[in-house]
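Chain naming follows the written order as A, B, C and D, and within any one chain the residues start at number 1.
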Amino acid sequence: MPSLSSRLTLPVFFLAVLAIFCLIAPNFASAGNFENLMAGYAFIGILAIGQSFPILLRGIDLSVGAILALVGMCIFDLSLMFGVPGWAILPLALLVGTLAGVVNGLMVTVLRLSPFIATLASLAAYRGLVYAISGRQLVPELSTKPITDRWITGFETYFDLTRVLGLKGVVKLPWVPLSFLILLGTLLVFHVLLAHTRFGRDLYAIGGNPEAARLAGIKVGRLTVAAYAISGLCAAIAAILLVARLTTSTEGLGEGIELTAIAAAVIGGFSLTGGTGRLLGSVIGTFLLGIVLIGLTQMGISPFVQQILTGLILLVAVGNDRLQTLRADRQRARALGEVPA
Amino acid sequence: MTAPLLEATGLGKSYGTLVALKPSDLRLNRGEVRALIGSNGAGKSTLIKCLTGAVTPSGGSVLLEGKPLPLGQPGAIIRSGVSCIYQHSNLAPMMSVMDNISMGRQPTRFGFVDRKTQRTQVQDLLARYGIDLDPDALVGTLPTVKQKEVEIAKALAQDAKVLLMDEPTGWLAVSDVRRLHETVRLLAAKGVGIIYISHMLDEIFAVCDSLTILRDGEVVTERAVDRISRTEVVAAMVGERLARESLAAADSGRKATGSGEVRLSVRGLGRRGVFRDISFDLHAGEILCITGLIGSKRTEMIHALFGSAPHDAGEVLLNGKRLVPRSPAWGMANGIGLVPEDRQHEGLMLGMPIRDNLVMTTLRRFHRFGVLRPRGIDRSVSSLIAALNVQPPRPAQLVGRLSGGNQQKVLIGKWLARDPSVLILDEPTVGVDVGAKAEIYALLRAARDRGMAVLVVSSDLEEVTTLADRIGVMNRGRLLSLRPAAGITRPELVAEIGADA
Amino acid sequence: MAHHDDDQPMTGRRAVLKALTLAPAAAAGASAGMFGSIDVKTGRPIMTRAAAQDGERVKMAFIQWMPHTVPNAWSQGIAEVLGTQNVIDYELLDGQGKVEVQVSLMDTLINDGTSVIFLQPIDSVALAPSIAKAKREGIAVITLNIDATEPHAAHVEMNHYYGAMEIARVMGEKMGGAGKVAILNAPPGIIIRDQRTNGFVEGMAKHHPGIEIVADQVADWDRKKAQDVLNTILAATPDLGGVYGVNDSMALGAVDVAKEKGLLGKMVIFGNDGEKDALASIEASELTGTQYTDVFQQGRFAAAAATVLATGLVSADAFGQQGRVLMPYLIATADNVGQIQPNQRW
Amino acid sequence: MTGLMTRAAPHALTLCVIAFVMILAVLEPAFLSGSNLIGILRAVSLVGIMALGMTFVIMTGGIDLSVGPVSAIAGLVAYFALVAGHGLVAALLAGAGLGLLIGIANGLLVASLGLPAIIVTLGTLSIVRGSALLLGGPDLHGIRDQAAYSFIGSGAIYGIPVPVVIFLVLAAMAWLLQSRTPFGTLVAAVGDNERAAWLSGLNVTAIKAATYGLCGLLAAIAGMIQSSQVHTASATYGKFGTELDVIAAVVLGGTQLSGGAGSVARTLLGVLFLGLLNNGMNILNLSIDIQLIAKGAIIALALSLAARRTG
């Protein structure tokens, strides 16, 4: 395990940024704002969790945005064109996302494509598939018809935890969106999977040293496919939440969101060289990007300047990560009495 | 005689018309440490690959405890009890010792990893074989010898009955080698059969019970170690003629201070916390070997001379002129060359052809107005390949596909091509077979005789005593002694190297 | 030459001038009609937030689709009107072409105490929940160009569907009712693309059944891409008679190609939007025509409505439904482009 | 069969190109017309120019995601210089110089601080785009009455469009640089084994910075050609996805993302392949959905055939 101090860097940085915005951005420290933050970034957090798996295996998944749109469009079609009830749509949606991930995994393992290229190719192909199956193109009237199925729209619900905790009138806490609870659930499940099961340990082993993992009898190919499948599954969960939030889906859904998810995972401590990282980090990374964007917007900073600042934050985050690694290396070297040349 | 633990019969491998390994037999008993030696290309690595499953043999069978081994299936072979410890690390550096040892086979309860049981199992295993490791340490933070022990423990955790060890001491310090040998003997005592692959005759005579020598794809000798002499071993490996020549060369004239001209003068060189008070003169036309334990900071010291590592005290004079080493490019500009220790990570571009590797340090000689002169390069490369006797002698061959010895020749050749006035070499023959070693020694002697000042850092005492004109001993960052090689005996050296300074 | 039927778009100088003189009146009228909104569930009229808070500074913001000439011109129009009131803070926010970003920005603005939100929705349905949420908070939402399925304070629209139909009609006439036409299209994902394409295709079928649409290729709103795509289409169909670019940039790309190949005058090229470069190109007899909308004015309308809403002088009970302004447009061709004044060009 | 596949593998891309051309020529004879072939070159010239620089970056084991915004800001800066009346040469130098500087900044961040290239250039992508928008706003700045500047994008020499000529000249120069000068070998050496390259006296930081600088420079040149071609400069040009097209062309050409050996000549083949693919599908009037699906499948297929070589 990495040292405690290096594990705490990100949370501390996160809290510091949060505190700063609470102080300087008007209306930032309000219950409503945190509601927005939770509701607006839960699905990105789930995408970042999914993205962490390929990155853990020294891979990358550029196709998550396209998978998100594909699943979204499937939900749209099934609900509005075919009138399939929501309870039946949900498992199908998860299946579609997972299958799309499996195809990515097979391209990496069976076709031996580099993950970057495999998912770049599938990014194009899945987006094309979205256009092809789009109910909005096939039945133009549907493009102004919202999805009303309670099984789907029900995901956009908020819970008043203050009342549940019996604190009503004492403090004003934000209502918690169901999507955020689902993010926490996803985080918990995949964290346990990664940290406490053989499957998870095997993934770390593959990411750390694929050859060693293979020789230890780990089914590297199968687990690699599983990692991309998880990424696809998470994209599907995110799609459900997003469709619930929008009450529709569009062909352009999730364009470019893969870069946000990758940035969140990398800020969260998943190294692109594989074998290390924790899912909580990816989620914190997501919300770090979230509070920065919302905070800057509330401060009335021009969106153009916001882009510049977002870029700088990314550089600072990786720079800090690099600094930590260097410091750790030096400490280790000192402990071993060897100083790296 | 009881049934052997491992019995290979008629094991052979050929690629088309090329026979890499003629049908051979190999028997290994419980508790036996068997050395497997031979020059590169002798078929040794093919034999090992057949046993690990990395290649499927063209013929023959292998029985483990009387049961056939699933040849060609690495995973299945490991599960049946044959494990291999490779030269390169086979561990996940960011995972704990415990997770590495039980990689892919952590005990589970209700689908979750059962940490408690895992810890008990690992601790039991470590205790049983007397291996001292912290189960929670991150593997990447451990020193190399400890990592080798993790690999051994990992193999044992997979119930290995036969352990193949491929040059396990390649980059280990002398004391660590001793430690590893103790572990090997302990394992043997517990009934594990070990196949020990090494180029170091010292090691083989120290740790092995018996040896198998391969040459030209077939087994030429199989004997207990106490019934064979070193000369016989070398002769069997390289053939009689080459053996005689290399012995003769070793005794040919040593020139303690070369031509007498001081080329490189080091005065009180030091780096806080690493090494200090290093002073010596390197003469033109001599080979100065510096030996010592790994961790005695020899590598750091020579990198400081070259400019690839810092120093903060003392001075370096080249031909009497004071220099401040800054970077490798600086070192090269001043006529210093450095052949690093780890050819795969520090020395060569494995994905590039021999040609590009050989001209890497001399590229700027071969262009006119910024455009390369391919003909000049080709001429230079072919003459270098001929001089170095690189096999195969094809400039377009990728270096990664060459044997260790040939890779090392290319690495040294790329520095000889510059014809530096001072050439520093770090462990120039690690993982190199006897034949190639002799050739490398000849190259270095020829360079010395041309007037080059050669500084060699080596842990291989045989190498040091064979090659050196003068021998220096470093210990814990200090240069303990420096004297002419003629007349130094190996036991004296050993005593000095291990001395508690 | 000019048509004066009621269902025809205003063409000709008089119509344009009429539309322009109407502007202030329309603004006032529209704003009066668009004052507040009605909570659909309770039927209870709600006051805008600013109306209740007298004397404080009022915050308004515009969430655009992505950086582009059209929303930029709107923003200028909006800022021009709002700038006269020195209690209003106005900012322009960028939706980056993504629905989810627009939704998140809506949330932020709602929380931030904004009184009026101008919104150019990427999708009618996707932004509806956000608009509903804004209404619950008493925030007026004025949509630009794309209506939302959720009723809201006001909608000021450039007429996409009928405009494109009209383009088809005029284009067909210029082509003499026969020939081959190619569409340089945008990728799916934003609703105006669909409205314009459908309007054009259906308009052609209705007015000029003899004209064949031989190619419909995506050129990503982009002039350079349009050049390359049209080059390719021309290789397969050298006798192409007309090109419709779903925006002006793509149409200008087609003009570039026509110029290079000496096809200028042989090919009828239409764009859509009416940005100043397109108008200049028409004047230079390169581009055949485009659908021109006074986008500055569109922004001014929206801003005028917003100002009235924010001052809260009119009771919301007075109006039962969402205000809606369909911007007058002009199919600008060489005949009438001169009527568009320099200060109307964006 | 397997043997045949293995032997054919190094030429997989060439074979794909040939097969593709043959199929298209049958389906649509106009495909082989001279004007269409020139059209293909014209269409790929911008991505092609950027791919030349990207080849060197990828050879070092890096990547540059920022090429899109760099091309936009270069076009914008050149426009402002022209409008301010600084003349053609100054305008071109300003745009190219800015691209070079941004590239070098990328390179220094990657090389001297050791940061992962994909994240660094993702950061600069954002920074440069934001800066371009601050500089030029979202407006389309029409470039009028600048005959010399317009000639760069829209002119023709002996019937061949100037962008194609520029592309071919730059390609020849990049090919020379990669295969006939020490620089090419050094770049490959750095990508293959950085530490060994350093210990061989190579200035790794300078070499890397040079590759990113070159990539930035070429992106800037492409951006200026584009602005000239469309008579417009805008901060929104070179939009998201440009960099992926460029990278795809390089990787299709067989340069590994992990660095090491690479080849400008093969990158050109990759560029050509993508150009043929887009052109072919446009000329057949396939709808965008089919185009995207086919493009993804064909890229995956072509590369998986090539992957058997290393297999």
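Throughout what follows, a contact is a pair of C-beta atoms (placed from the backbone, for glycine too) under 8 Å apart; a residue touches a chain by one contact, two chains touch by 3 or more.
Bear in mind that the values here come from a model prediction, so they are computed numbers and not experimental data.
K.L.:
What are the chains that chain A and chain C both touch?
P.N.:
Chains that touch both chain A and chain C, as defined above, are D.
K.L.:
Which chain pair shows the largest tally of C-beta contacts?
P.N.:
Most contacting pair of chains: A-D.
K.L.:
Give, as an integer number of Å, the spacing between the C-alpha centres of chain C and chain B.
P.N.:
73
K.L.:
Express in whole angstrom the distance between the two chain centres, defined as the mean CA positions of chain C and chain D.
P.N.:
35
K.L.:
With centres defined as the mean C-alpha position, give me the chain A-chain B separation in Å.
P.N.:
Comparing mean C-alpha positions, chain B is 45 Å from chain A.
K.L.:
Which residues belonging to chain D are in contact with no fewer than two other chains?
P.N.:
Each of 133, 287-288, 291 in chain D touches at least two other chains.
K.L.:
Would you pick out the residues of chain B that each touch at least 2 other chains?
P.N.:
Touching at least two other chains: 308.
K.L.:
Residues of chain A that contact two or more other chains, please.
P.N.:
131, 255-256, 302-304, in rising order.
K.L.:
Strictly by the criterion at the top, what is the full list of touching chain pairs?
P.N.:
Pairwise, the chains that meet the contact rule are A-B, A-C, A-D, B-D, C-D.
K.L.:
Which residues, counting only chain C, touch chain A once they are in their complex?
P.N.:
89, 91-94, 96-100, 103-105, 107-108, 110-113, 122-129, 149, 187-191, 194, 198
K.L.:
Can you list the residues on chain D that touch chain A in the complex?
P.N.:
My answer: residues 109, 113-116, 118-120, 122-131, 133-134, 240, 244, 247-248, 251, 256-258, 287-297, 299-300, 303-304, 307-308, 311.
K.L.:
Please name which positions on chain A make contact with chain D in the complex.
P.N.:
By the definition above, chain A touches chain D via 62, 107, 111-114, 116-118, 120-132, 255-256, 259, 262-263, 266, 272, 302-312, 314-315, 318-319, 322.
K.L.:
Where on chain C does chain D make contact in their complex?
P.N.:
Listed in rising order, the residues of chain C that touch chain D are 66-69, 71-72, 185, 187-188, 214-218, 220, 222-224, 227-229, 231-236, 238, 249, 252-253, 256, 259-260, 275-277, 280.
K.L.:
Using the touch definition up top, name the residues of chain A that touch chain C in the complex.
P.N.:
Those residues of chain A that touch chain C are 26-27, 30, 32-33, 35-36, 39-41, 43, 131, 134, 136-137, 140, 143-146, 156, 242, 245-248, 250-257, 293-294, 297-298, 300, 302-304.
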